[in-house]
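Working notes, structure below.
Per-chain numbering from 1; labels A, B, C and D assigned in written order.
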Amino acid sequence: MSELEIRGLRVTFDGFTAVDGVDLDVAPGDLRFLIGPNGAGKTTLVDAVTGLVKAEGSAKFGGAELLGRPVHRIARSGIGRTFQTATVFEELTVLQNLDIAAGAGRSRWTMLRRRKDVPEAVAQAMETVGLTDLADSPAGTLAHGQKQWLEIGMLLVQDVKLLLLDEPVAGMSHDERQATGELLQRISEERTVVVIEHDMDFMRSFARSVSVLHAGKVLSEGTVAQVQADPKVQEVYLGHVEDTAVVQEA
Amino acid sequence: MSSGSSGSRSSRVPRRGFLAVGAALTAVVTLSACGAKTDAAGSSSDKAAKIDVSGDTVKVGLLNSLSGTMAISEVTVRDSLKLAIDEINASGGVLGKKIKPISEDGASDWPTFAEKAQKLIKEDGVAATFGCWTSASRKAVKPVFEKNKSLLFYPVQYEGLEESPYIFYTGATTNQQIVPALDYLKSKGLKKLYLVGSDYVFPRTANKEIKAYAKANGMTILGEDYAPLGSTEFSTIANKVKASKADAVFNTLNGDSNVAFFKEYKSAGLTAKSMPVVSVSIAEEEVKSIGTQYLAGQLTAWNYYQTTAGAANAKFVKAYKAKYGQDKPTSDPMEAAYTSVYLWKAMVEKAKSFDPEKVKAASDGITFDAPEGKVTVDGASQHVYKTARIGEIGTDGQIKEVWNSGKPVKPDPFLKGYSWASGLS
Amino acid sequence: MTVILGQTFTGISIGAVLLLIALGLSLTFGQMNVINMAHGEFIMAGAYTTYVLQKSISSAGISLLVALPVAFLVSGALGALLEWLLIRRLYLRPLDTLLVTWGVSLMLQQLARDIFGAPNVQTRAPDWLTGNITVIGGDDPLTFANSRLFILGLAVAAVVALSLTLRLTPLGRRIRAVVQNRDLAEVSGISTSTVDRTAFFLGSGLAGVAGVALTLVGPIGPTMGTNVIIDAFLVIVVGGIGQLKGTVIVAFVLGVLQSVLEYSTTVSVAKVLVLVAIVAFLQWRPQGLYTLRTRSLV
Amino acid sequence: MNVLKGRSVRAWAGFAGAAVLLFAIAPLALSDFRLGLLAKYLCTAMVAVGICLAWGRGGLLTLGQGVFFGLGGYAMAMHLKIADAGPGNLPDFMQLYGTATELPWWWKPFENPAFALAATVLLPMAVAALLGLFIFRRRVKGAYFAILSQALAAALAIWLIGQQATTGGTNGLTDIQGFFGYSLDDPVNQRMVYFVIAAALLLLMAIARQLINSRYGELLVAVRDSEERVRFLGYDPANVKLVAYVVAAGMAGLAGALFVPAVGIISPALIGIVPSIEFVIGAAVGGRASLVGAVLGAIAVAWAKTALSEEFPAAWTYFQGLLFIVALAFLPGGLASLAVLVRRRKAVERKTAVIPVGEAA
């Protein structure tokens, strides 16, 4: 397991600075939550680390610089991510989705042949995310929560060492959240997990550590308790208390 | 026509497949053996197309573009062919049979022309086919007619350098249109020419001939420009023509391009007085669509104008207008098409048969009192003796003849009778 | 010197024609992402409108000026009809739209052939548009053709009118809102289907105006639209979809490029070179000259 | 597993049925002329196989297939013209329009039949690879890709027209007499050409089917549905698309090459924008994502063009336009979706028969 090490990361869009000099370290095996008000730069940060947007500064994973490399190379170095709206291949089955995720390193010859059986890793991941019964259903027919699990399952078979999850429990029921949280805790025993989340309850229940972003900068960092006690965080969130409450009720 | 490849006559077993896949399949299907090799004396006369003369009609094919870019010109030819057929039918038909025209659309697409030609010959069993306009379409159907030994009557002036045993060329070849036009320019002292043409076979070949003529006759070619077929942006070419200060422009543009060219020509301030344009593809129909405000005073070279004198023409123009509308003009290709049907009829009647070989044998010396004047078929080249005419476009949209060759000019598609043309083909 | 000035003017006038043709597309293709192959036939409809009007109005000048608004309405109505009949079913399927409108374009061409006859038809230009003005006199005079100046003026006027409409009128605001965020516009109470139809009306109407202008420089016949349609699409693509200023700049740049290359080589070579230049340019800037930056995955 | 097996049995049955139809029934039922036309239709169907792969499966708007078709066709026709002329002679059109006394250098390699045959497929593939490498790397997508393809098709056609002395210009290369030593005059040989084309079509369909059903095929669909997501899984979508694009180009090239002996002509008119659109329309009408649908659609559209224009020479374009509009606007999955609908209805009927209470909805 390796460490994510971000130094002075800066992202600008046409003069607007979305991420403004972020330093961030995520230790191996951490289950880190990134929180912060809308527009704080959380998603942009993940975008920068995964190569979707151009950034200045440095972002190293396991000692290797990520910035400037193409998206698929970053992915192959063991970093996987999900998106705010679950993005799965709707016209392919659950099995096919997972098989594709498992296959980035396959030889050309294997690619040109038909899939004869279910690879071990795929079967295991289906089991882990509880979609075994739906293996042959098109992903487009899954419920919202199931799609998000499928995405996580795809990261598992992809065998990434760092998972970057963008609001993985948005729109889930209470029970589904609980199940997802437990799943993330299990996953983080072997891998590093970074979660962007608005749901404070969820964060409190499962986070091992928390970073608070505000206006493109890291405002505070530490355990849940430390962060909650930080007056700077309270100040930023003061105007957002209702927001947070709404999210919690949803 | 046959490929001139050498080599001894093949003695290979004919049942050998010529490709591995082909062989395997042949075995499976056991339907076909391999046919003639290219170097075998394969083609026998039994391949000639069957002509359907059952019943009291004989079919002929009309092969013109009714859609696509060439429809603007070719539809009028089809109309004119139909007029001739109607007239012949009204006066008793050919060899006692009524002519039944089968019209097909070449769709301005050369492979389609080839397909439709095959259809007319093989499926319909036509006795002869009339049509084609562009050289490209003629080149595409030429092998079809040759292979099937069926006749095509081609009614449009063209670039020459061609003789096919199964094509009759009833439009002008170069020595009946372009050479007389050059003679005319020379006689008027217009010796510095600028060549403008569409980018295809006719203009490029014609210009090659013009350049050879110019070299031999002390004329100079100041520039040569080609626009892609269908091109409608001529401001640059007009600028170049203007800057060249030529005496005259020789224009071999085709179709739509002429409209744009003449509009630009006028915009550039060039006039028929300052720098006349001689066109070989602008007939009455085109004058109508371009407009006399752009064309008045410009020159054309053809073998026929709507104003050509004579009873035959008066009758033709009257009949055409009665059938298709008083505002519809007649033009050279239409007249050549109309004439071609009558020429075929005369040949058939002389041969007393619809068989293409007999019709061909009977063709030499066939004459017809055509709207353009008397025409005679030259059996050797299968072209037609035609009178060359230079005309000036008037403000009324009619073309007034200003010069003619006095008598029909013998067709010379390979310009063998002209020493300056010796290096051309 | 005269040559350089003359060719630059020629290039600008080619650009003006391109711009007029492409302007309508900048709405229907640029703003709404509809690849409408029948756009060329709307241009044709505008040209035939001029022809029909000349039959009843004897003065060439008046009929031309009357034709401008009438052609706008005729082509616009055709466009709105097409949108209502077909295109609204196809908004999420760009290539299907292309193929379906290709079918429409085939039918409209045949319709024109059946109504007006297969040969080209003629319109008369008013005398004040057939001449030219001399800018530099002398032995090697530099002249600008009146018809080209008229088209240039018309193109500029159309661009100004379109950009003012988009910027200042409630309709323009609605169009831009729908382009930027369809769902949000819908929940904000904008009838997106009405806006679509109106935008299509405007874009197609501009094609009609272009058709009137083309009668001054080119043929009027059933296939006149197909001759220009791809050039128009290229202008939009190179300019950047949804970018009016990109369209304007690219139209003039391509026009000048074409005229310069034509002068120094041949028309065919110039055309090939321009096309190759466009392909190369899109390698360099795949989203065109001007792009809208977005963060969305799509 | 059973599903897979059932599918493959059905596929083999279909394949056998198609072979019988193409190799036994069609040659018996059709006149030489109609069989020749069928050969021509099958060539467009070969292009459609590639389009099905690249567009139907990969979502690439392949509006420039005419370019690859033309490259394959010209490669073949150049060889055949040289062979027709015989050793030491120039092809007929060069003697007519050209000034050269010997073959241009870029014609010379085509004198070699093996080179020419290989070039019919490899040349289009190489061009596609080169183009695709740039285009997909630079993430040129959707409408841009479509318009770009059209521009290329137009450029190639204009260039060919401009080089009359060496390419035959607008005329193209016509009057092709022989096919690797066999006279095309002879109906027996024409029939052989048809068999070769039919076999090639079946071969291409088999290749395409294998590709579609392979892991690569699944990945291709994934790229079509969400290219970005695939990238985050560690694949380079550019490569995935490139393969489909290049394979489709090779198929179009082979189709063009076989078109030449079947029809006896290749010309710029087969390359430009219009034919490129027509290739796509066939596949779209039949159903772009379904291999059988695309092939049958291409054949049907080509046949309809012949049949309609023979029946209504003056008005056929109305029907053709109408066909495109109805098929594409109202049947987004093409005619193949009709078959799916029928199958689904039958399945529903079966279900309702077993469980008579409800559920049919």
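Operating definition for what follows: contacts are C-beta pairs under 8 Å (C-beta built on N, C-alpha and C of every residue); 3 or more make two chains touch, one makes a residue touch a chain.
Keep in mind that this is a model prediction, so the values were computed, not measured.
**Q** Consider the two chain pairs A-D and B-C; indicate the one with the greater count of contacting C-beta pairs.
**A** B-C
**Q** Please name the chain that ends up farthest from chain C once chain centres are defined by their CA atoms averaged.
**A** So the chain farthest away from chain C turns out to be A.
**Q** How big is the gap, in whole Å, between where the Cα atoms of chain B centre and where those of chain C centre?
**A** 36
**Q** In whole angstrom, what separates the CA-based centres of chain A and chain D?
**A** 43
**Q** How many Å are there between the centre of chain A and the centre of chain B, using C-alpha atoms for each centre?
**A** 73
**Q** Could you state the distance in Å from the CA-based centre of chain A to that of chain C?
**A** From the centre of chain A to the centre of chain C is 47 Å.
**Q** Residues of chain D touching 2+ other chains?
**A** In chain D, 158, 161-162, 226, 228-229, 317 touch at least two other chains.
**Q** Give the residues of chain B that touch two or more other chains, as numbers and ranges in rising order.
**A** 66-67, 199, 226, 228, in rising order.
**Q** Where in chain A do residues touch two or more of the other chains?
**A** 83, 87
**Q** Sort out for me which residues of chain D touch chain C in the complex.
**A** Within the complex, chain D contacts chain C at residues 55, 61, 63, 134-135, 138-144, 146-148, 150-152, 154-155, 158-159, 161-162, 226, 228-229, 273, 277, 280-281, 284, 315, 317-318, 320-325, 328-330, 332.
**Q** Can you tell me which positions in chain D touch chain A when the two form their complex?
**A** 210-211, 213-216, 218-219, 221-222, 225-226, 228-237
**Q** For the complex, give me every residue of chain C touching chain D.
**A** Checking each residue of chain C against chain D gives 29, 33, 35, 86, 89-90, 93-96, 98-100, 102-107, 109-111, 114, 230, 233-234, 237, 241, 266, 268-269, 271-272, 275-276, 278-279, 282-283, 286-288, 297.
**Q** Please output the residues of chain D touching chain B within their complex, sorted ascending.
**A** 23-24, 27-28, 31-34, 36-37, 40, 83-87, 89, 95-97, 158, 161-162, 164, 169-172, 174-183, 185-192, 195-196, 198-200, 203, 263-265, 267, 269-270, 306, 309-310, 313-314, 316-317
**Q** Over in the complex, which chain B residues touch chain D? Could you list them?
**A** My answer: residues 2-6, 17-19, 21-22, 24-26, 28-29, 31-40, 42-43, 47, 66-67, 103-105, 107, 109-112, 114-116, 118-119, 122-123, 134-136, 139-140, 142-144, 147, 161, 199-201, 204-205, 226, 228-229, 425.
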